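Chain lettering (A, B, C and D) follows the sequence in which the chains are written, and residue indices restart at 1 in each chain.
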Amino acid sequence: MLDKIGIAKRIAKEIKDGSYINLGIGIPTLVANYIPEKINVVLQSENGLLGIGPFPSEEQVDADLINAGKQTVSMTPGSALFSSAESFAMIRGGHVDLTILGAMEVSENGDLANWKIPGKMVKGMGGAMDLVASADNIIVAMQHTSRSGDSKLLKKCSLPITGLSCVKKIVTNMAVLDILPTGGFQLLERAPGVSVDDIKAATQGKLHVPDNVPEMTF
Amino acid sequence: MLDKIGIAKRIAKEIKDGSYINLGIGIPTLVANYIPEKINVVLQSENGLLGIGPFPSEEQVDADLINAGKQTVSMTPGSALFSSAESFAMIRGGHVDLTILGAMEVSENGDLANWKIPGKMVKGMGGAMDLVASADNIIVAMQHTSRSGDSKLLKKCSLPITGLSCVKKIVTNMAVLDILPTGGFQLLERAPGVSVDDIKAATQGKLHVPDNVPEMTF
Amino acid sequence: MIDKVVDNAATAIKDIHENAVLMLGGFGLCGIPENSIQALLKQGTKGLTCISNNAGVDDFGIGLLLKTRQVKKMISSYVGENAEFERQLLAGELEVDLLPQGTLAERIRAGGAGIPAFYTPAGYGTEVAEGKETREFNGKMHLLESWLLADYSLVKAWKGDTEGNLIYKGTARNFNPMMAAAGKITIAEVEELVPAGELDPNTIHTPGIYVQRIFQGKAYEKRIEQRTVSSPS
Amino acid sequence: MIDKVVDNAATAIKDIHENAVLMLGGFGLCGIPENSIQALLKQGTKGLTCISNNAGVDDFGIGLLLKTRQVKKMISSYVGENAEFERQLLAGELEVDLLPQGTLAERIRAGGAGIPAFYTPAGYGTEVAEGKETREFNGKMHLLESWLLADYSLVKAWKGDTEGNLIYKGTARNFNPMMAAAGKITIAEVEELVPAGELDPNTIHTPGIYVQRIFQGKAYEKRIEQRTVSSPS
């Protein structure tokens, strides 16, 4: 089983040199810490910044420079600032190469639910619906099951949808899986100490299991 | 009869303090020279400038600073530069208070034709269609008749239309006229030396003539 | 010459009437019109519809106007940091429209730009699509979304000049430029107000044509929601 | 690290193929990609569709590519300064689509911004409306217009950095920023190429994400169409 950092580390391996990436709040934000040094990427913040740098020092903290999670940040050399309309023009126009975000549920045809739980206070979708409707390449970071052991990789999402058929790849605490273009979860890798049977038991949606399912390496 | 400068001078009297104005090529451009000194206006150039100044001195000429007529210009203090999309956002969004442009024909319901003569080389509409479709207040500068004496203030335009029901006021070499909301040319003023009968003879569209038609003053 | 400069926030917002539709710039508490919000609080105008990406926190930003029950309706993309907001929403005292953030930004941009409607893929197949026209373009489904306009837009900039030209700083730009263009009356508060001609025309984010009133703000608190720092390594 | 910087215009445009759809920045001869046009001329690529507000003059700008018959189609708003253009058009050798300038600018902006279609009032009731869907909003008729995209966008900026960030100067900005966003491959030529970090992030007009290749241009002629000067008074 992976912890949150493990999930972030595994996702970091998917990142290609020269990419522009939007990282959601939570585990996705952690991914930035594990991108190999030889790889150069530019992080996009939907509130209007390309080139998110590390958290600032105490002296550098600037209330006018935050990320989409409202955390104070710094800027990398070569960064650019812009409006929210321009930011979502970038996103909607397909200029961001990779979007990494969290999920509550994913269905076997790639539907994503991550914004609303009926009966609970609705905080809003923020930029998630724009991101998932627009990005060509979406990787989801999530727990494979709920605390009570119910699968979150489903035939059909039970929660309100954020976007249809948008997820390409999923990294959970148990496995790495692709969504097949024809539907279904294609199992690619097992987390250390997790068996194929564990994954089968934890996956409600249609799971394609190849003969050989390697353990993740980092 | 007014010459071009006379038409420009008369239009200049219509300009209100604090207005943002787009001036078309030709007579409209001349209007800028006759705006009273106590009145402050900002001239918009649809290629991306608010605050057109006078022509530059020889030393100030900058190929990167032109107006929509491709003439080298200067900038007034407090000017702003922007893209063509932003420029037409301003125009389409109704932020420009007054548009002054030339016309080949105007119809009694305010249709304007000024971009194309069938059989002649078509140069294009440039920004004219955007301006006339968007501006609340359009003043047209034009000759009342063609060289052969045919009226250009018509029941219906014979030339291809630039915009429907868009003209509010017309200043010709012979008269000042409003387009009535219900249709028809409302005669307001005569040019020096021009009689009401001259104007009647030169106007093909429906002309409303009040009892008293004062001569223009400047 | 018509002067856009007003003395202070109270004068600038004086004619904002009950049930007015407002746009308020900012993302979280970053780039919000602090002075205008304080003045509205003092003026007590009620029944406001507030179009703003967020709803502030309990004791700052739009949260202040929620507490005094001056807000009738919020149009936002994310409203999660506010307990009083939650209470009013659950009690049915507050209307809330939640929109995808990019759709919100683009609808406001469309309002300023005279585009009454446009198509976006965001929200297709979700609750957001309910009651909306859909249409396929290039094999992908889209929703028809309409422009948003406001009676008054309240924006905050870093620098401004007497012509109303504005320059924002850092990520405090966010929704401010589009809102400046989408307000019938746009009221800009700035940290530094300079005479016309002092700002480089090439660096202006909001051309003055969009701004009807401008004033020099004061006592900016610029509260930080998540103060995250790197420990020196 | 993937390097966006290329040596010169010839390298930058090398893979532009026959029948490619290009966008070329500029208004008149102001802000046009002079170096890229010269390189295209030398490369001789034919069958080009050129989306550009104007078509240059007989011996400069896109006019050069017209003379060598490399242009199959022009999509522009105003094409009036070019005798060779007129000859080819009347002889049926050149296709021309004329669009209202604001519609052209907004269709390009929509292409970059992922908006497949939008409504504008410009052109309603005119020849431009032929074959287009119309719709009333708020008592006013509008046309449905679709986005424009390009295989390659050729833009010209004043300053650029190695990340592809661009700053334009004066009215040379015009169509360049929207085109930079609407090209599958955007090639930027700049008067001054600086290392990443030298440009103020707050003053950038085109964020580097839109630019795939950048090079330092040379020998800019910056021809002036209408040299108008004030006589000293």
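Keep in mind that, in the parts below, a contact is a pair of C-beta atoms (placed from the backbone, for glycine too) under 8 Å apart; a residue touches a chain by one contact, two chains touch by 3 or more.
These numbers were taken from a predicted model, which means no experiment stands behind them.
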Most distant chain from subunit C, judged by the mean position of its C-alpha atoms
B
So, in whole Å, the Cα centroid of subunit B is separated from that of subunit C by 36
What whole-Å value do you get for the distance between subunit A and subunit B if each is reduced to the mean of its CA atoms?
55
What is the distance, in whole Å, between the centres of subunit A and subunit C, each centre taken as the mean of its C-alpha atoms?
29
Touching two or more other chains, which residues of subunit A qualify?
49, 81-82, 88-89, 91-92, 134
Among subunit D residues, those touching two or more other chains are 106, 109, 113-115, 120-121, 169-170, 202
Report the complete set of touching chain pairs.
A-C, A-D, B-C, B-D, C-D
Per the touch rule above, subunit A residues touching subunit D in the complex are 17-18, 20, 40, 42, 44, 49-51, 75, 77-82, 86, 88-96, 134
Along subunit B, where are the residues that touch subunit D in the complex?
45-49, 54-58, 61-73, 81-85, 87-89, 91-92, 111, 116, 121-130, 133-134, 160-164
Residue positions on subunit D within touch of subunit B in the complex are 27-31, 53, 76-80, 86, 89-90, 98-103, 105-106, 108-109, 120-128, 158, 169-178, 205, 222-230, 232
Which stretch or stretches of subunit C touch subunit B in the complex?
1-2, 109, 111-115, 161-163, 165, 181, 195-197, 199, 201-202, 204, 207-210
Residues of subunit D touching subunit C in the complex:
106, 110, 113-121, 135, 137-138, 140, 142, 146, 167-170, 202-203
